[in-house]
Amino acid sequence: MKKLECIVRPHKLEEVKGALEALGVLGMTVSEVRGVGRQKGHTEHYRGSEYTVDFLPKVKIEVIIPNETLQQAVEAVSKAAKTGKFGDGKIFVFSVEEVIRIRTGEVGAQAI
Amino acid sequence: MKKLECIVRPHKLEEVKGALEALGVLGMTVSEVRGVGRQKGHTEHYRGSEYTVDFLPKVKIEVIIPNETLQQAVEAVSKAAKTGKFGDGKIFVFSVEEVIRIRTGEVGAQAI
Amino acid sequence: MKKLECIVRPHKLEEVKGALEALGVLGMTVSEVRGVGRQKGHTEHYRGSEYTVDFLPKVKIEVIIPNETLQQAVEAVSKAAKTGKFGDGKIFVFSVEEVIRIRTGEVGAQAI
Amino acid sequence: MKSLQKESTRLGWAAFFMVLMAFMVTRPMFAQNAAPADPMKAIVDNSSAMRIGIDTVWVLVTAMLVFWMNAGFALVESGLCQAKNCTNILAKNFIVFAASTISFWVLGWGLMFGDGNGFIGLNGLWLVSGTDNSPALGEAYAAMNPFSTVKYEGVYSAINWTPVPLWAKFFFQLVFAGTAATIVSGAVAERIKFGAFLIFSFLLVAFIYPVTGHWIWGGGFLGSNNFRDFAGSSVVHSVGGWAALAGVIALGPRLGKYGKDGKINAIPGHSMTSAALGVLVLWLGWFGFNPGSTMSAGNGTAIAHILVNTNMAAATGALGALLTAWILLKKPDLSMILNGCLAGLVAITAPCAFVSIGSGAIIGLFGGALVVLAVLMFDRLKLDDPVGALSVHLVNGIWGTLALGLFYDNQVSTDIAALATGLTRSQQFMVQLKGVFWVGLFAFTASMVFWYLLKLTMGIRVSVDEEMEGLDVGEHGNRAYPDFVITGTTTISESRI
Amino acid sequence: MKSLQKESTRLGWAAFFMVLMAFMVTRPMFAQNAAPADPMKAIVDNSSAMRIGIDTVWVLVTAMLVFWMNAGFALVESGLCQAKNCTNILAKNFIVFAASTISFWVLGWGLMFGDGNGFIGLNGLWLVSGTDNSPALGEAYAAMNPFSTVKYEGVYSAINWTPVPLWAKFFFQLVFAGTAATIVSGAVAERIKFGAFLIFSFLLVAFIYPVTGHWIWGGGFLGSNNFRDFAGSSVVHSVGGWAALAGVIALGPRLGKYGKDGKINAIPGHSMTSAALGVLVLWLGWFGFNPGSTMSAGNGTAIAHILVNTNMAAATGALGALLTAWILLKKPDLSMILNGCLAGLVAITAPCAFVSIGSGAIIGLFGGALVVLAVLMFDRLKLDDPVGALSVHLVNGIWGTLALGLFYDNQVSTDIAALATGLTRSQQFMVQLKGVFWVGLFAFTASMVFWYLLKLTMGIRVSVDEEMEGLDVGEHGNRAYPDFVITGTTTISESRI
Amino acid sequence: MKSLQKESTRLGWAAFFMVLMAFMVTRPMFAQNAAPADPMKAIVDNSSAMRIGIDTVWVLVTAMLVFWMNAGFALVESGLCQAKNCTNILAKNFIVFAASTISFWVLGWGLMFGDGNGFIGLNGLWLVSGTDNSPALGEAYAAMNPFSTVKYEGVYSAINWTPVPLWAKFFFQLVFAGTAATIVSGAVAERIKFGAFLIFSFLLVAFIYPVTGHWIWGGGFLGSNNFRDFAGSSVVHSVGGWAALAGVIALGPRLGKYGKDGKINAIPGHSMTSAALGVLVLWLGWFGFNPGSTMSAGNGTAIAHILVNTNMAAATGALGALLTAWILLKKPDLSMILNGCLAGLVAITAPCAFVSIGSGAIIGLFGGALVVLAVLMFDRLKLDDPVGALSVHLVNGIWGTLALGLFYDNQVSTDIAALATGLTRSQQFMVQLKGVFWVGLFAFTASMVFWYLLKLTMGIRVSVDEEMEGLDVGEHGNRAYPDFVITGTTTISESRI
């Protein structure tokens, strides 16, 4: 099994979710993160002092999938999250050793 | 060493923490996440528009443990987090290549 | 490619970021977490009831780097984040199977 | 065109009323050369209208301040509860005044102020529809003067000592009734069903509050027997407190508040900003509550004395709680300072017009210390009161009522309250003690009956799941702060239950 | 030294003015033995000064309450919008009253109250610089009395029925004008350019508001033809509502509000605490809005009646919306309860001095139900109004204006408003209906013209990127809550657009 | 039973006082046929009581508005600071008024208003216990009239020009003293020890504030030498500002505010909602601050003029800062707009009764521009003032005091302030300049002495660790928002220090 960590623009969250669900992925876990990267932060002012906000709001979508869905999932997420501008984000792929569903105790692909 | 990512119900946090501590696990890292899965979200109303809250509040507990504790830890977490209803969550197991304790520079199992 | 998960004190965030940037690391992803560990939580009072805050605010910095930068990066982060007191945090190292840059579709070290 | 405009002038803008009034009032002045029948009478009428005008302005402005306390209670109570229940508490505190308005209009007022027997009002019971010759001008005013021999023609004679119009009296009394109801809201927060609370509020304002109110302010047996309560330490705060205590008992504590092991768990409030702002609102509102209870501006002496006494007790209450918390709990807990201020205010409510400023300072100081101890005590008794309503309103309502006796000053009572009893302090104390007993007995028992009736019929407590998830979603389908990431700790850990 | 001190006394602290006044006023009293020329005249002058003093206190205090409504609008509107636009909404609501102040001072007042024709004011147009003999004492007062034959020397004769000083009149009217402007803010929130809103506000208060205001309150053709609007259901609320409707149409809905598939998406407000506190502020402010519109304390009767009517409609409005939402939407949505309360208040604004308390209760109840239906309707019409301003101010402004006819009570109109028309209910209703039509026609058309002029010149809507990121950063470079973690859902999903 | 009830009526409800008063006042009216000894005297007494009644209502209501400014300061200051220090700031702002109450009661009032020499008060020093024959009725009133030959029997002659009761005078002055203390709170926020702040506040209100206050309002050497300050640009705001400046110097800047490299780091405030609401509260409160300083309603002219001037300067101040910020900083920073509004209000506080409305508009506009420049300047000087208190209160307190000279209008000063000096503008300006100097010299030096005494004894600054973690936990053990996830940026990065 693989884990995808997708860092995407917040307003792309629902589209990415939709794309994954279209592949039959039922579950995922989302959190608010802040990202630094090629996308330049913007300068804000507060009472005359300029300050740069480097950490831009992003959403991290973590999703565990069976090995076989990997390619499709990466493509689906890429497509849904893409705008073509700096800051679209990344997908990181990890290998998962085991998955356990707490409710049932099922393990492995069953448990996803 | 292994990393457990446990997605559990927020109100189970303290119980899971207790269960892990009972095993001698001293440290862990927690964050607020929102999960989608078999547990159905609920419908909320706001000014007459219905909207579905798919992303349900969950807590992610990340804990690094020595290989030998893996089985026990999974069982302990499973037991503590279980209610038997949809949405109890998952445990994902990853392999950790290295651990460094910043304070001392210790590495490996020492550093956990 | 490797992923570093660095759990550090919140006020060390900018220093760690600076240290990584000095190594040429351009991107990273940050989130607010709460950590339990050897650093003791403190006791707060609320209306006469004592309660312990075990979960201390920490910042998690996730950064994907090419294999060759690993050693340097670990050192840089360690140096920047160290105060010598309990609670300085950890660095966890994972192996990353693949990285995809959504904007361009680039993969691998290119995409970091 | 010009004349059309003159015409439109009068019509265009509303207060033509004023012109008429002014006319009635001023005509004799300008008609001087036209030899008015009786210039003296004109001046006297003019004066009466102005006197009532001033008094009405004072009564209405202070009543507005008391109305404003609804915002204070909403903020304090929601601020001291969890984010996940915030919408629910705001909704409860918001709707409770609307409910009180209807309830007090339909029945409460009549029961409280209608002429009747020593226990309840019986005349002009429904919809404030009884006769009353206020606003009292000229002869009618004399009729409302107890020293006068002219007969008062009305059914609300217990409140005929103030010349202001009937609706002004009604509104002033309504905002007090609303306060009593809103006190309950905080104590039962984070676990009560919205519907059950709403119905209880209706009942409280329609029945319980007006009955004890009648005993003290409405011509009933306590007021006639030298019991004194200037602005409602007992009438409003204790009654609210007793009703809250009954509710706390009927509901039981929040999940997770008292651990299986007997441990008392802290459940911190979600916004100190709300709580602190709320208490400042209440402090301000109390400047209406107490000084407004003169229901007349008079020559300013009484309202100034009462205002300073009120402020003094608020200040010493806050300082008293600060010191007590600093010593007992090691650090000055803000929520305790806030409760201390309210405690001082509740405590001075009964005695503000019967004691000197120095006594006021002591009463407040003691109230502030008391509230900290009371909070600790109720927790030991496993009576779960998220916001400290019992410690503030019940305990200090009683303390204030008794303090009136302990610090009773016959000179002040004559000059400021004009309700001197002539008793010694210990005599007055005994009278107050008896009053506290009867009010408590009735208010607590009646509330208990209502709570249990509701419990047996519709149920008063939300389900365990709903309580854990928060009442905002369960009761209203809304969340208070959907854009913010909320920590999981606001969801009670099951291990605590 | 002593004498220096006596001297310094008078100088040191400001209100020496008062001494002079007091002297003028009281001298004859104490000079009695000194055989004053005319003691009677002294007493009459004294009385006049006091009468005006009381009335001015009432007018200023109620005007302050209306000013305070700015805080209410700021909180309601920001609370019902997203966290990412909060700074922007607060800034808009804050600056709008500053802009109104300048605008109404420079031109608005003159256009509204200056003597002119049936359509606009023409005299004393700029900078409130026309003659006015207020505050009116003695003869001058008589001159302001329409029954008097003494001639009024001034150019603001439409508002000469109240004796208070010109600046008091100005301030009271200013806060009303500011209210109309602030209504627009909520409806156009989350997408309008800050600069464009600011300019529209200037124009609204300088031109649109005063013109219809002149028709009704300033001596124009509606007021002279029996049209009645006590405190501004039409003058203030409908006008603000029409301007808002034009803005909503000119701007279009927020991104993501109406899905491609026609789905209506909820965009929840970010703080129920703000929203609920805001409505409590407004409720309080309305006790200035309606009762203050007497512009005199009189003998208290009118202000008390109006106050109770106002409160009654607020209460029944809240309960009406509560019940309607509970039935239609299954759960009692707090934001609907809040809108319901405001709906009741808007609805009672016109009729509060023309109808009985019982009628007030019904008008409010109906208004509360209406607002829920209107919110649903506007969403079906794809008119995106984030805070419900149209449903509250426009729909209920109209409802209130018509309700005056439906529940018209000649007795109340004579006693309380002193503006009885003598018409039957159906006749009055027809008059009201015509007024609603003319006001709507002008206010909507004029607003539309201004909005489109702005759209063509400077643009009125922020860029898509700015709207998605939030106007706080885009327009102000500030964020409202930089220390808090905000969820991504506050950023509109593109899939919805 | 009936008689019991009549009896109980009088007893049951508190304001029996009123009946007595009414009796005293009205009896002669109705006793006309009973041939009263002197009907004229009765009417005059009646009038006096009413006059004082109206004036007391005005003084107390405006004092309440000034009290309400405590909420405004608490919100502005906490809103412009970080979430981790919010409880601490709220606690400081809350307790500071309690402390001021005690301090001003025990000593401050006597020092300020007691008869004494040109520098301090000496009589009736402790606990407001000196003689005063207010509220002044009949002859006693004449005695308080400087034109009268009747001797005033009292020790607070500097404030005997207002007829209101002593406690009304006290309360009005108390809320002003509290304001001065609360100004300090914001400037020293996010690093001061709670205990040290509390003690400094006691000292400020007991000693520093009353001394300069005596000079200007209490019969001292500045007031007697034509120095004018209507409502306290100097007495209250500058003094608070000087004390704050001393505190800022004694404490040093917050960690991380000024980088090692000399960079000025922004530390954004955590809630624009709090800040904006706070300024609206203050704006409202200022309608008490300035117009209330007449301490009499008079015939309405003065209070209306002052109110409009106050509002005008607030509006132009906000717009002035808006434009300045828009030009200088590219975007209209809301916190600057808010500061600009306050700047206009502070600036108009001294001159509001001495200048025309047009001048008021200019004074405010300039104040608004000034505040933006001052914020930038203090940052360049590395004087760290998280909320802009120095720029608002100190800089604009001085500007307002001088503006009184620059825009001095003898006609307005006669009609409105009734404190005309007859000087030319340049003469008046020089007098004002001298006053600014003396007040600054004393207030700054005395504050510096106190701050350093505290620094040497108990310490005034929290530890570095506590400052980084936030004072909420360190000083109070509470957090302001425990349910919300707070970003790490609220914890100062060490790299900045």
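Think of it as A, B, C, D, E and F in the order they're written, each chain with its own count starting at 1.
Going forward, a residue touches a chain if its C-beta (ideal position, glycine included) is under 8 Å from a C-beta of that chain, and two chains touch if they have at least 3 such contacts.
Because the structure is predicted, anything quoted here is derived from the model rather than measured.
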Touch-network distance, chain C to chain E, counted in steps: 2
Least hop count linking chain A to chain F through chains in contact: 1
Distance from the mean Cα position of chain E to that of chain B, given in whole angstrom: 54
Separation of mean Cα positions, chain C and chain A [Å, integer]: 18
Geometric centre distance via CA averages, chain E-chain D, whole Å: 29
Multi-chain contact residues (two or more partners), chain A: 30-32, 34, 44-46, 55, 58, 94-95
Residue numbers of chain F (touch at least two other chains): 43, 47-48, 50, 54-55, 57, 61, 268-269, 271, 329-331, 333, 335, 477-479, 481, 484-487, 489-490
Contact pairs between chains, per stated definition: A-B, A-C, A-E, A-F, B-C, B-D, B-E, C-D, C-F, D-E, D-F, E-F
Chain B - residues contacting chain C, complex: 3, 17, 26-31, 62, 64, 94-103, 105, 111
Residues of chain F defined as touching chain D within the complex: 1, 4-23, 25-27, 29-30, 32, 39, 43, 46-50, 52-57, 60-61, 64, 67-68, 70-71, 74-75, 78, 86-87, 90-91, 93-95, 97-99, 101-102, 105, 127, 135, 137, 164-168, 170-171, 174, 194, 271, 274, 472, 475-485
Residue ranges of chain A touching chain C (in the complex, touch as defined): 2, 6-8, 31-38, 54-55, 58, 60, 74, 77-78, 81-95
In the complex with chain F, residue positions of chain D that touch it: 40-41, 43-44, 47-48, 50-51, 54-55, 57-58, 61, 65, 82-84, 115, 117-118, 138-139, 141-142, 145-148, 157-163, 216-221, 223-224, 226, 228-231, 268-273, 276-277, 279-281, 283-284, 287, 291, 293-305, 307-308, 311-312, 314-316, 318-319, 322, 329-335, 337-338, 341, 353, 357-358, 361, 415-419, 481, 484-487, 489-490
Chain D contact footprint on chain C (complex, rising order): 34, 44-51, 55
